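One chain, chain A, links the two complexes that follow: it is found with chain B in the first and with chain C in the second.
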Partner chain A sequence: MTIASVNVRPRSGSAVSGFWPVLRRMVSRPSGAIGLGLTLFNVVVAIAAPLLTSYDPATPNADTINLAPSFEHWMGTDSLGRDVYTRVIYGGQLAMMVTACAVAIAVTWGGLVGILLGVIGGRTDEIAMRFVDAMLSIPWLLFLLLMVSIIGGGAWIVVPILGFFYGISIIRISRAAALQVSARDFVTAARARGESLWAVVTREVFPNVADILLVEGAMQWSWMLLAFSSLSFLGFGAAPPTPDWGLMIASERSLLAIAPWSVLWPCFALSTLIVGINLTADALGKALGVDRAREKPT
Partner chain B sequence: MLRTILRRFGFAAFTIVFVSGVVFVSVEALPGDVCTAFFQRYAQGPRLERCIEEQGLKNPAIERYALWISGAFQGDLGTSLKKRRPISDLLAERFRNTVLLASAAAAIGIPLALVFGFWAGVRRDKPADLVVSTVAMLAMTIPEFVTASVLMFVFAISLNWFPAVTIVPPTASIADLLPNIILPVVVLAFVMTAHILRMTRASVIEVMTSDFIQMARLKGVPPRQLFWRHLAPSALIPAVNVIALTIAWLLGGVVIIEQVFNYPGVGNLMLQAIYDRDLPLVQAIALIFAMIYIVANLLADIAMVILDPRIRTAKETR
Partner chain C sequence: MTETTLIEIKNLTLGFTSRGGQERPILRDLSLNVAAGQTIGIVGESGSGKSTVALAMMGYLKPGLKVFSGHVVFDGHDMFEISEEARTRLRGGSIALIPQDAGQSLTPTMRVGDQIDEALRLHTRLNAEQRQSKMGEILNRVRLPSAQDIARRYPHELSGGQQQRVVIGMALGTGAKALLLDEPTTGLDVTTQAHILQFLRSLVSDTGVSMVYVSHDLGVIAQVADRIAVMYAGELVELGGARGLLASPAHPYTRALLASIPRLGAKVIPAALDGFHPIVGEDRQGCAFVARCPIAQERCRATVPAMVDVAHGQAKCFYADSDGMEKIEGTPVVSTRKDEVAVEADDLAISYHHRGIIDLLLGKEVPPDTVARVGFSVNKGETLGLVGESGCGKSTILKALSGLKAPKHGRMVIDGQEIPGRVAQRTLDVIKPLQMVFQNADSSLNPRRSVREILQAPLRLYFELSHQEMETRCEELIDAVRLPKTYLDRFPGQLSGGEKQRVAIARAFAAEPELVLCDEITSALDVSVQAAALLLLKQLQEMRGAAYVFVSHDLAVVRAISDQIAVLYQGRICESGPTEAVFRPPFHPYTEVLLGAILQPDPDAVPRLLADDVIDREPPSTGCPFQRRCSRRIDARCDEILPPPRHPETGHVIYCHLETDELPALNAVE
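Up next, the complex of A and B:
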């Protein structure tokens, strides 16, 4: 594949830069405004959760088991008598923190390795990319399950696993972007000046691929939330009695016929967060002029 | 063309070796071994020794890896620690069920995805495209277990049309399985459709904006002919690739869907094995899933090379 054919960023004239212009561009489309709204709403609710309820999310109450929605419990109560509304507003905290840390790890290591490979190029790059492609041919859930079955589950244990695995797909993106950048004159100039590899990577190439990494990180955040909540659902993420949407759905699922509210509300909340982040990432990509339409989610 | 195909084969072989290495080494890296992991704090005395004997853990790791891989190609995947049966027997009875589920979903999902993908692509940014793309985006991003739980609530509990969970044994006849399969198939087909549709749409849009379509339009080719003669063949080729990848990629999703509906397939078996800390069984299933994925990938690549004249006649760049 020649360098010219790696077209991560078509030089469209529509791209903008700067925080406010980008934000304005993002909310100018309905999908971006909805996405950003959903994401911010979820983050604010998760942070302000203790102020929004008078119940405790973890303490069981034998007197209020499986109550239908009412004025006291307006999303009903679950099989241990806990207020579903309270658990739903607390339910995103752990997942958001865990996946945010994992995204930070993934973008850091994936971005760094990808840029290095793109700048160094040659044989090293070619061989390394074979391994990257091979790793990416393991279906995501299988890899996570294999790791979890060996290391054991737990919300914070899966952070390095998620960070490592999702970093691999970031390597591809950042490498392709870095390849494109490092073919340009200012990088050649920096090399000719005798700048060190590290200086070329951090000062010349990184600023030019940072927007791609940002968009990719945002997109990976939504896939990681999907992965983490799936792991929680299967019993390898959050541990009881932590309020966590995936775990709540798993543990109340058998009572779907009797107390559907304790399953459907977490389903709704989880969906709004993932869809919100996904739309936000998409809008961010469009505002920054980063084309990621033809990619498969990993 | 032959060289391209041979290179794809070479890469597939490399990937199988690498992925199986990852599966094997990650278990080797565990403190202790599969037997101590299985027995946990009861790992002592004759029981442990018998297990170590049976699993052949006294041999060096390289030798065990070679035995494991050569066994796998001959259909011998070792013995399950928990079920104390050959893994290949356990897999055989489950595999049919998963294939039934996946092929039913593919039979519904692929035509649907192609039709709607082309429809949305041709009507890019019109209301029809917005509706189709939004539904696809929702299907892709909302976790399978959420979709499954909601559908289960609507169709199994509120409307009572289908059974909510499967309660037939893995060896039940296909006729017994059929009513149980409808909801899982709908969920799987929904997700599958969304992935293929998105790719088909992107590929249609790319072809639509290409020079030769513009040229054909300027020449005055009628729309029907433009679609069937010029647009469809070029846009379908990437779709073929994506279909193979998506189906194999969704094997991951199968694990969750089978768990939700308690459907007796391979994914369900894998989760049981993880809960039982039965690592040889986990390794075997991970290897099989990865191999299916790699082979599907290879077939798709070869199909691409054969179908696409641009690749077929292209000179090797390296």
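Up next, the complex of A and C:
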């Protein structure tokens, strides 16, 4: 079992707080600026997609099958004659929405449970963490396939399952951070003062762990996007004819030799988003002074 | 001077460059020589640049720093001109740094002998056999008993003092001509500290090595240094022979610094320095000390004074030769003790050991309790001082009182009511009168909460107040600890160490407590600030009539503010009674040891070492707790039978097998 460790350092000159100072610090490095730019670009394009194209992303057109990129169809058309450009700019919508919800679930439940365990400590923590270890050993993809075959597929079924499984690794992170914070005297002081467990968790510990959760959440978002695209690729995520990058790659991959554009463009779009989020999360971590030294989860 | 100069710093100015491209000096125009075989003590408050000087001597700058002008010459090498390679060869070879926590610089998983061997292999050309004999020589030279045995041990099997010696030995073994010691005894027990200082003195006379000793503690410097350099805000303000400088300091800062040190002799709270140490790298004209100087004149603000010669050396002050400064007096302490009992503890026993299933199966004995047979009673408005070396259980007793660690048995009574052991079992009515202030204000204030929110927490918990009342109370509290109201909006990161501790004290008083538990609350502060914190505590006690249990390892501080004292060793009370009685003979043998090891800023007051510096991890299961280190151990009786209480005067108890008239009576104080 790999050990998750995040260092909660006392705030020093190297870390900043407040929205604008953090943002300024993030874009002060080229990697941060590029990451933030890529991420925002993808999000804005996905939201504004209907304004950026005159084609419909879902309706097949028998007259325009596998056309090469042209002035009419900037990125060509796919095997059902749909405009690839249109499908690419629409294709992030569902994935981003689904995974954003799943991240919110993961961070909330994982963060809460992790902080509670870190603060309570003792035997409760010891036993709970063994459960967490056990759950981490469940291959979540197989479990998800099982669930989907029982309940039936669909993008929104995936949300709670992704949220739940990714939340487990957040438990480890937030518990490790909460343990360090709990050892500090202001938490001891709050306990000695007679504060309730809830007050200790929300007023004393959470504000000192929030940065870490934020950075972790951003990081997980990129992994979840990959995971969701894989699911779509396997046919368990987005259902046709929804424009979705994973689904596009899956359905067009047999035509890679004939019409490579219909596969390569969604691949490219997906990569820019994931690289962008990764760089953003890294820059965010550096700006907030959160040391990320941990393993990549399963 | 006829001696050869080993280290020469000439007009050194170094600092960092701000974002705007301005030079921000940390050290300003500093010149200092260290002769071969000489020990120079560099003293100053935190932020004064004293460690930066020591590091510069070995040609090292912290990241981001740059030399603006001047140079450092060590043994003929200009340390900032020679190549990195040459510097590295000198470092750890002819010049070595002994950091504050030397034990930390030893690898915990490697035997001490192997580590010394490694250092020798890297810095000398000796073969394996020669290295072996050299190692024995080194360990003998640093006066470690049975070299063979020590070499086989791991660092954690040595005491703090022994670790320090091993590190110093390594430096000497590789042929160091100069040792830079950066606060090497800070954080060690008084007895260990006294042993190390004695060792360092003998080392200088045996080997002729030069030492640069950096410390904030003039008492320590006084014991080792031939010359003293006083630093303030990156400048050298006074330099001179130790004896002369301590006897007749010329610079107002040196005078104020000396006056702020608590002395064992008098029951006064020493005078604090008003104002703040300038911010590092700040722009300034004139004298660095001007803002806090009692004799500052117009020209002090305008021009930087030059170093002028005084009787014992040099001082950077226009008025260094004038005797215009009167002696700085402290504040005498008046007892505010009332006749009502605030808190009582009776036969407390606390243990950190759990006997697990495996211990049971193996038939392991449960080690003796960490704290046992501790009892005391504190009246309202009274201060009880708990003293002892680290690990003596003084903080553990505070934990028990505050409910953070339930005692194994024993009674704790507050306001005539017995209180449960764990804070979770106590009602808010029981918790409210019992507040605690922690040693480290840095970690006892939540960095993400403003001062206002920090003060509101106890108010919200214990009182039902309207928003307006809450605000008024916060303002009253911040006012009571002498901080401006604007501080309510600050975050702990924006406060200095002393200010943070004031906020922590204000938080404790927000609950209107009857008893405040103070856990080494001044030991992390600069001496000049410590005095102010002590005065504040005393004033708050006069105003609010709270009782204090004041834990400290510093006997002079404890003496200044306590009405009663209990001396603890290994979690057992050795001696207790009214402050004056405890500081008056007869003493418990352990009290005698503690008093003997105290350092005063006076080179003539050499500490007396009455007990060995050994590690005593667990209290003995039978007999006197001090049996293993006692120089007056009688016989097996001390090992087996609990010492009986002796009563030299009413209220004064000494637990010892010696009869009252046989107890150590040498007057250690005054």
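For the reader, a short list of remarks on this structure follows.
We adopt the following convention: the second predicted complex is superposed on the first by the 266 of 298 C-alpha atoms of A that agree within 3 Å, B and C clash if a C-alpha of one lies under 4 Å from a C-alpha of the other, contacts with A are read in each partner's own complex, and residues count from 1 in each chain.
One rule holds in what follows: contacts are C-beta pairs under 8 Å (C-beta built on N, C-alpha and C of every residue); 3 or more make two chains touch, one makes a residue touch a chain.
Model, not experiment: these values are computed from the prediction.
When the shared chain is aligned, chain B comes close enough to touch A:Arg253, but chain C does not. Of the two partner chains placed by superposition, A:Trp221 touches none, neither chain B nor chain C.
Contact with chain C, but none with chain B, is seen for A:Ala192 once the two complexes are overlaid on the shared chain. In the superposed model, A:Leu145 lies in contact with chain B only, and not with chain C. In the overlay built on the shared chain, the residue A:Arg184 is in contact with chain C alone; chain B does not reach it. Using the contact criterion defined above for the overlaid structures, shared-chain residue A:Tyr85 touches neither chain B nor chain C, since it reaches no partner. Of the two partner chains, chain C is the only one touched by A:Asn208; chain B is not.
Note on chain A: of its two partners chain C and chain B, the one contacting more of its residues is B. Taken in their complex, chain A has these residues touching chain C: 10-11, 184-186, 188-195, 203-204, 207-208. Put simply, chain A touches chain B in their complex at residues 1-2, 130-131, 133-135, 137-142, 145-150, 222, 226, 229-230, 233-236, 246, 249-250, 253, 256-257, 260, 263-264, 267, 270-271, 274-275, 278-279, 293-294, 296-297.
For chain B in complex with chain A, the touching residues are 11, 14-15, 18-19, 22-23, 26-27, 29-30, 37, 137-138, 140-146, 149-150, 152-153, 157, 164, 195, 199, 202-203, 205-206, 242, 245-246, 248-249, 251-253, 255-256, 259-260, 270-271, 273-275, 277, 279, 282-283, 286, 289-290, 293-294, 297, 317. Interface residues of chain C facing chain A in the complex, by the touch rule stated above, are 402-404, 423, 426, 428, 431-432, 435-436, 438-440, 442-449, 457-458, 461, 493, 507, 511.
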